[in-house]
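First subunit A sits with subunit B, and in the next complex the same chain sits with subunit C.
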Partner chain A sequence: MSHYVPSRDLIARVAAGETAATARLITRAEKGLPEARDALAEIYKRAGRAHVVGITGVPGSGKSTLVAVLAGKLRTRGVKVAIVAIDPSSPYSGGAILGDRVRMTELATDPGVYIRSMATHGVVGGMARAALDVVDILDVAGFPIVILETVGVGQDEVDIARASHTTIVVSAPGLGDYIQAIKAGILEIADIHVVSKCDRSDANFTLRDLKASLMPSPASGPSPWIPPIIGTSAVKHEGFDELIEAIDRHRAVAFDPDAGNDRRRHIAGFRLLKTAENLLLDRFAASVDNRAAPLIALLARREADPYSLATELLEPTNAEDKSR
Partner chain B sequence: MSHYVPSRDLIARVAAGETAATARLITRAEKGLPEARDALAEIYKRAGRAHVVGITGVPGSGKSTLVAVLAGKLRTRGVKVAIVAIDPSSPYSGGAILGDRVRMTELATDPGVYIRSMATHGVVGGMARAALDVVDILDVAGFPIVILETVGVGQDEVDIARASHTTIVVSAPGLGDYIQAIKAGILEIADIHVVSKCDRSDANFTLRDLKASLMPSPASGPSPWIPPIIGTSAVKHEGFDELIEAIDRHRAVAFDPDAGNDRRRHIAGFRLLKTAENLLLDRFAASVDNRAAPLIALLARREADPYSLATELLEPTNAEDKSR
Partner chain C sequence: MTQPIRILLAKVGLDGHDRGIKVVARALRDAGMDVIYTGLHRTPEEVVTAAVQEDVDILGVSLLSGVQMTVFPKILKLLANQGAGDMIVVAGGVMPDEDVAALKAMGVAEVMLQETPPQAIIDTLKRLVVERGPR
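Moving on to the complex of A and B:
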């Protein structure tokens, strides 16, 4: 099908679970095509059934391996899984998977699994906007679980992991992750903590440190949910039943009409803010005309400062009329 | 000095090389304090002498160790060095340095070295804006070289590394970095390539792969600069004389009135754009009032889509007047 199918006409095919149509609409969402806007609005209104599970951790924490084994375990239970990876060091590439790990190859050829790796570069209109549109498309395509994997470095990536129903933060022994994660501010966003690589002898230290750091603070109010700490081993396939059980339990909280309300409002608020910010920046980019060049020249010669020139650049185009 | 010194009054002290005043103004720049705006404008106009060297690479590439050894080598030549690290996995913390490596402890107690670790969270008004303000302050404080270390993950971090006079991209053997770096799009921004950990036997493969991938493309025009590839070993202290020589050679190109013109314009353009974007987003954040809450509620119930509601949120506050 080489002719251009309007995005509106792809919706029914996505809803019918057609992989090619789903992939097409996802590509348009990533590119931020104006033509796809109405279709994505319709997708948003239809979505809301999938359980969105954000998984994050510092590089080297074993996130991608954890995701692969978790997806495999869900498949043996007959659950379809979609994976959206936003991580330049992720072993996925496009629809294919780099590397030769058997379990990943199995996943790649399983029609009950959809894997999408999003580049962090070249996504138009903001990564958060694009990632959450992609999640909605997969939701409408009928995946009951959508895993959103991000590297826990950088504000955007952490915010995206937090804009899920259930956020899993992965720590690993031997990385100094404990300190790294605290510094990156990601431990506090966890609904579920995973310590990966628990076949290693030093994993006990990581588990102990994590437990010590998560002592409930007396300042925090009553909560219906206490984040569990789960040790996993991808090598020994241990801890995954416990992890799936925790994910299911948290799903019940997140989808509860009352208990999940704050979280849904947080997600919607983040989405509205990011969409508005992207729209604002798009309009600004479209409005920057030949007025910028002389300002850049002034700035390069350090004859004026960035703040003053930026203020000038943001003036309405007819600013010179006022000074007459 | 516990009383509040106006930022304007700190400028002369910064210019005199007073460390306490420099640290104070840097903290205010990070916080994006409006009170510091005029002082930072003045700092910008006074700056422009320091050679800003951006160093980036994927996590685990050995960036921080490279920076530490490089700074030590520059110190033995009598050159003062400032280091600004934007990396949650960086071994620096505040003014202090985590970890117990001797060379880092030496650096931390050397008055000819200033180290500042910037959190990627909680920086107000954008990381790029803040980082480049900090670089200017250190420039005015008299550091002839300011090293700007960022992790090569995420668009912001890569853009910041590129907004320097000289960008060094660090690769390391055994990480699959080669593929990672290409995927992250950071190899192409290098003025100088470093392959770290060249004491390892597999470093030859990394060097070879890198050379093969950097074959000059026939499409590219004539350039006064061909990025060299330098192997270093922090353990054996090898390759650093060659690296310093390459940095010096590139400095001559970057500061050349003609050859460096495009680069200076790129840096100024990036700075103007980022400052304008931050200003725009600040204004938007200040304008979001109680109109947002009902829109978020609609969105959480999926009764309307993000794009339509964001468009509505961006309408001027008196939008309802029009509909009368």
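Moving on to the complex of A and C:
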């Protein structure tokens, strides 16, 4: 019934900004189809112009709402915006309910906005596996800014900072005190801090705690960039001009041939290692398919220990690698 | 890696009843599907734009307000215009038998009325995706 268009043939249509072709190539990247690998290689080479802005924060901090208003403001300045919104998959069924669009209805029919919902499908770290391929496709499709919104994260899912040029961490009032703010982890990765829901009276405490905890540390040395702390209210549309100004300023740093060089190398390094890790996991999954069950039974009966069994499970894989 | 079926569930028009579609969304999630829900009071244009951007396998529209003979022709036409004429469109809700026949004739793949058990919906959707083939 359906006519399969080869992924290579989609590239020109993606580059011409055709929505249906862009959406289809994204689907194939998500599926990890071997057929699409060539096309994605070509996409990677062509990409590199878009400013990738990662947005992360705890569940309920207001990420989707912030993204919706931010994208709307960018549109009034004539900037095309792509949004990749990631939501969690069920650990039991593997299914997901992707509801970010509910908060983005004002952007629904604007041809200058592309929104894609992705499920994590069991990947930890706050991002979906193909998220970075998707960003490249949207880059080639002509979006100068790609906003990557992570799942609601906990305290140490920091992959987003290794994948985006600019990382925005959203904090909301009422979710934690000074001690939460000085803990290591997610707050450290921010290039820009946003305190959302600043129409609430207790937002001042959150702003104050963040400012106190983010005083430049003597150990950090001279840095070309000091993360600003910006209060926003999506209800009142306040703070967004300041936020866009900060994003623009950070873009200049991230894309600077010298200052941004480290960051780009980090991003490339993360991409390389993550891709290798995924390939290894795929090979491992394929090779242990049938052999794990008897070992699991032994382990459950405590007739053997996890280290010995895991070593045994890995051995044939090692042999395969050597024979390659 | 096998990818779950992607489906967009939408309520179109002034119909404000979303209990049913939320139950269906939950059942499909529990059957391992990726369900995109766009909320109440959407226009056909909004729903089609979302479905094309999300490149879903199936677009499911629930209607309890009797406007199916206006909404579905519009959705099918918009999909074709946006280069997504091959998307599977299904209808759900309460509607007369003669409308069901007419909807199927115009290209709606399946109409699932009230009292369709969740498992029957799941089986139907899986069958439609298999019949469509790879894309």
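The rule we apply is simple: the second predicted complex is superposed on the first by the 271 of 324 C-alpha atoms of A that agree within 3 Å, B and C clash if a C-alpha of one lies under 4 Å from a C-alpha of the other, contacts with A are read in each partner's own complex, and residues count from 1 in each chain.
Quick note on the criterion: a residue touches a chain if its C-beta (ideal position, glycine included) is under 8 Å from a C-beta of that chain, and two chains touch if they have at least 3 such contacts.
This structure is a prediction, so every number in the text was calculated from the model and none was measured.
Participant: Tell me which partner touches more residues of subunit A in the superposed arrangement, subunit B or subunit C.
Facilitator: Looking at subunit A, the partner in contact with more of its residues is B.
Participant: What is the contact status of A:R116 with respect to subunit B (first) and subunit C (second): first, second, both, or neither?
Facilitator: Only subunit C; A:R116 stays clear of subunit B.
Participant: Using the touch definition from the top, say if A:A108 reaches subunit B (first), subunit C (second), both or neither.
Facilitator: A:A108: touches subunit C, not subunit B.
Participant: Applying the document's definition of touch, where does A:L299 land relative to subunit B and subunit C: first, second, both, or neither?
Facilitator: A:L299 sits against subunit B, while subunit C stays out of touch.
Participant: Please indicate which partner A:H3 is in contact with in the superposed arrangement: first for subunit B, second for subunit C, both, or neither.
Facilitator: In the superposition, A:H3 touches subunit C alone.
Participant: Using the superposition on chain A as set up above, list the residues of subunit A that contact both subunit B and subunit C.
Facilitator: Touching subunit B and subunit C on subunit A: residues 89, 93, 98, 119, 121.
Participant: Write out the stretch or stretches of subunit A touching subunit C in their complex.
Facilitator: Spelled out, the residues of subunit A in touch with subunit C are 1-4, 18-21, 23-24, 26-27, 30-32, 89-90, 92-99, 101-102, 105, 108-109, 114-117, 119, 121, 282.
Participant: What does subunit C use to touch subunit A in their complex?
Facilitator: Listed in rising order, the residues are 1-4, 6, 25-26, 28-39, 42-43, 45-46, 49-50, 52-55, 82-84, 86, 131-135.
Participant: Flag every residue of subunit B that touches subunit A in the complex, lowest number first.
Facilitator: Residue positions touching the partner: 37, 40-42, 44-45, 47-48, 58-60, 88-89, 93, 98, 119-121, 127, 129, 132, 151, 153-158, 179-180, 183-185, 264-265, 267-269, 271-273, 275-281, 284, 288, 292, 295-297, 299-300, 302-311, 313-314.
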